[in-house]
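Below is one structure, written out as structure tokens; comments come after it.
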Amino acid sequence: MSNLPIDPAAAAPLGDEQLPVPEVTEGSPSGKAPHRKKFVFVRNAKSITGLTILVVFLVLAVIGPWIAPHDPNETTLDLLAGPSGAHWLGTDHLGRDVFSQLLVGTRAVMIVGLVTGIGATLLAVLVGVTAGFLGGVTDEILSALANIFLVLPALPLIIIIATQIEGINSLDIAIVLALTGWAWGARVLRAQTLSLRGRDFIEAARATGESTGRIVWFETLPNLTAIIASSFVSTVTFAVLSQTTLAFIGVTPLDDWSWGTVLYWAQSNQALSRGAWWWFVPAGLLVAILGMALTLVNFGIDEFVNPRLRLAGMSARQMRRSGIRPRIGFTARVRDLPRTYDHPTPVARAATTSGSTTGSGGPSTPGTSGAATVKETVR
Amino acid sequence: MKFLFRRLFFYALTAWAAVTINFFVPRVMKGDPVQSLINRYQGQIDQDAVHSLYVLFGLDKKQSLWQQYVEYWGQILHGNLGISFTFFPTPVSDVIRTSLPWTVGLVGMATVIAVVLGTLFGTYLGWRRGTWADSFLPVMTFFSSVPYFWLGLLFIAVLAVAFPVFPASNAYTPGLEASFSWPFIQSVVQHAFLPALTIVLSSVAGWILGMRNMMVTVGSEDYVTVAQAKGLPERRVMYGYAARNAVLPQVSSFALSLGFVVSGSLVMELVFSYPGIGTQLLAAIGAKDYPLMQGIFLVITLAVLLANILADVVYVFLDPRTRQEG
Amino acid sequence: MSPAVDTTPASSPRPATARTRAEGTGARPILEIKDLAVDYGYGENRVKALRGVNLTLHEGEVLGLAGESGCGKSTLVYGATRLLPPPGLISAGEVLYHPADGSAPIDLLRQSDADLRAGRWQDIAVVFQGAMNSLNPVHRIGRQLEDAIKAHRPKSTGKEREARSRELLEMVGISAERVRSYPHQLSGGMRQRVMIAMALALEPRVLIMDEPTTALDVVMQRQILEQVQDLRDRLGFAVIFITHDVSLLVEVADRIAIMYAGEIVEEASASDVYRRPRHPYSYGLLHSFPPLHGPRRELQGIPGSPPDLQNLPSGCPFRVRCKHVMPECADVHPELGRTAFDEPRREVACLLHDAGHQVPEELSV
């Protein structure tokens, strides 16, 4: 097992500083606006759910081996037993506790996920930002390189590299995955850098003679934070799936427990035909839950970065309940659309307007208090 | 046409990169796993085959790297991928030739179905955003985060073991003679159903989400509003304007996602003991059959590149801007 | 469910000022926007982009809408035609379209989708801001001209439609051969003309032009405007013309409405607005660009910046930038009404014009 130290605080930046930096758009908003915008991401219900699940997995990765009720390698006489009080998720063909195997295995999955995520994201930022910022031949070469890695089928490539490393461990796997998984992030970052490069504030920084390094560090990177975070999250997803797959096909060492290893044992010992569902269902579910959590975080970031995906200020369920249907080409109307508008502040001009027009607040809208809540009989 | 030439040049570059990676990986890694295997079969392999393995894996230390590289290319171009250790003494190319059609048939068909279904559903979900259609999204997210092979395991557990509706393994009933007869075709379809379902279900979510997001993005383009302002029928706006443009990035992302889909499908084959190239690859891992692994990597890469070229041709048909001369 | 509106003008509880004016000019109203309110966003803190706007377009006239960017000019016309994209939300009002046959007006805001669709482009056509993005990049120009015709004249033959689209292109000064071109093969000016040709395909009675010339150079701008005026003289449609360039409007429009912070603050004939602005904001707007004709005048601009619609000041939204601000401006929201001089056919929303106030000299010319 890898001795890579896992700091529980490593998960915290996800929610605190790294993600919610608003993209600078035209005209810097004054006053409270940036503050309000900053928490749009964290307030997003999807990302909160995703981050909560991630934190749980990270905690399990740290304390899993200590709180596991059994040694995952300890054989007992309860061979292939279903879930019970002693073995919450049953046992395998050697009587080993599946629950403990999964708990202990969380660490390898999270290590590979995080190390790959960090490594691949660093590579992606390096390649993507360089290509986008320098342009020209450098860009052509780096883009081609990224595209090659995107088109090459990753798994067979990982397999031929990983199988030729003797005594491979989790860290090696993470390195191989990082080397093969950086290209998507680099592509996205390049595109974003390219569009940033043309923006006014970068042009201004250039015109005032700021050094390229300074422009990249202080003007460009902060505005790429959301994209970088999103690419990090995607890479972690890729790494978790790939690690599980590699363990499942037996590329990782069998004594290095991970969720895929559990599946490997289940598959190679006919768990299916023996009906031992507790052996393979929970492990896959864990992968799916972790993957879903990561996807949810990314949805949150996506909606944060791309306002077009956001349903302004209201959840889909609220919209359905209020009868508002956002559509292109047929602007939504409030339910029971009132015919007249109530000004919130007192309306006057009574002195000059002729007697019949005593302000619109008067005769036409009896008993209404606000446009949105009007339930008057206009039909 | 300039667009297509650029792309073809890029694919040639990618193919070159794949071959070069194959050349360098065994040379960079320490240890001589191939040498020990050759020693094991000492005397059973004829000299030519031994030489070809030496060339492929860089065991001939007398030559310079450049000479090795040139000779390596010579072998690849002659279709000589070495000898498989698992199926000794069958050449790797023969092993691939027998298993490739199964994979291409299964993965190809399933992927086409998944892309078509996903694009149609995504079009609909994107157009109907903010309605009940949005409640499909969490389900989609779930399916897109599940490993292919695990979904395959579940299907087998439910539809082959608990309720034996479909066969759990193989590509056709063992003992049946491969021919274009009705019973054989029926058997093939029956056996392919669960693996295909696995691929479709686990990859369709990605296509749906991609198309949906593109529909949402394209939906806010002015020309879609213009189409609505013109009073065109809803279907015409949805398909002729929004989906017609949203499908363009979908085609380019098809090219880029294919490698991923194929990777997932390879492992899925193992679960179903499908006699395709994936099962061979995974068997090769267990047997440390490096020539077979490398050969399969090359062939899969070429297949993916070919599919990419097809996608580019489709793209040129769909987007007039790529047809601009000059 | 019948979307058609039963309100006849006579039974309306609110004697819309527009109607009195219409009687004055003799022209019939064709499009009446009444108390239109539009929000952005659906949640609790939605932005109230339009707050009860009234505006009437008469047959055959060119009505100009002017104001700083973000004042709600485009929101007004897109809201009224229900073309405003999400997160736009119509929260109050009526938009009455008077059919050509003189039958009862139709409320566009309460029509069913199918009825609205059937009327679009036939009755009201729109030339959108930025023709660059208004054309579908993957279809030929001809096809895009023809599909509107096909949708509304299902009995027409393909030949007729093609002939019509060729005719339309030539009408705006583009070679008929261009029906075979894709949008990316045309220049910006040509695309803008194509959009105008497309808008006129069904000979609509109302043409809405949203900053139709902003992206073009001055020469092209003039050419296109002359063409539109020429076409209007021939075809007789009414135009709502939106621009932030008031000098342009003075030349093109018959009447001008000045908007500020989602409300109309002044409405009058083009020459009246130009020569005798009655609202401090109109005055400021007119003095922020050099006059085209007549004596030179000092350029001043308007102090402050456009208001944040999310935190509008109480009372008059312009008061924080207004040099004639009075204490009651903070308490009372001014409505559009007569000027202090009781001039016919013009209205202003400013407390200075109320009885008992002295209208500053610059606003009482």
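For clarity, chains are labelled A, B and C in written order, and residue numbers in each chain start from 1.
Note that in this section contacts are C-beta pairs under 8 Å (C-beta built on N, C-alpha and C of every residue); 3 or more make two chains touch, one makes a residue touch a chain.
None of the values given here were measured: they were computed from a predicted structure.
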Most heavily contacting chain pair (counted by C-beta pairs in contact): A-B
Identifier of the chain whose CA centre is least distant from the whole-structure CA centre: A
Averaged-CA centre spacing for the pair subunit C and subunit A, given as whole angstrom: 43
Distance between chain centroids, defined by C-alpha means - subunit B, subunit C (Å): 54
Whole-Å separation of chain centres (CA-atom averages), subunit A against subunit B: 25
Subunit B, residues touching no fewer than two other chains: 130, 219-220, 225, 227-229
Sequence positions of subunit C contacting 2 or more other chains: 83, 85-86, 113
Set of subunit A residues in contact with two or more other chains: 311, 319, 324, 326-330
Subunit A contact footprint on subunit B (complex, rising order): 10-11, 13-14, 17-18, 21-22, 25-26, 29-31, 33, 129-132, 134-135, 141-142, 144-147, 149-151, 153-154, 156-157, 161-162, 168, 213, 216-217, 219-220, 224-225, 227-229, 237, 242, 255-256, 258-260, 262-264, 266-267, 270-271, 281-282, 285-286, 288, 290, 293-294, 296-297, 300-301, 304-305, 308
Subunit B contact footprint on subunit A (complex, rising order): 144, 147-148, 150-157, 159-161, 163-166, 184, 237, 241, 244-245, 248-251, 263, 266-267, 272-273, 275, 277, 280-281, 283-284, 287-292, 294-296, 299, 302, 306, 308-309, 311, 316, 319-320, 324-330
Residue ranges of subunit C in contact with subunit A within the complex: 13-15, 17, 34-46, 51-52, 78-79, 82-94, 109-110, 113, 116, 314-315, 331-338, 340, 349, 351, 353-356
Subunit C - residues contacting subunit B, complex: 81, 83, 85-86, 113, 117-122, 125-126, 128-130, 133-139, 147-148, 151-152, 182, 184-185, 195, 198
Subunit C partner contacts - residues on subunit B that touch it in the complex: 130, 219-223, 225-234, 236, 240-241, 244-245, 248, 318-321, 324
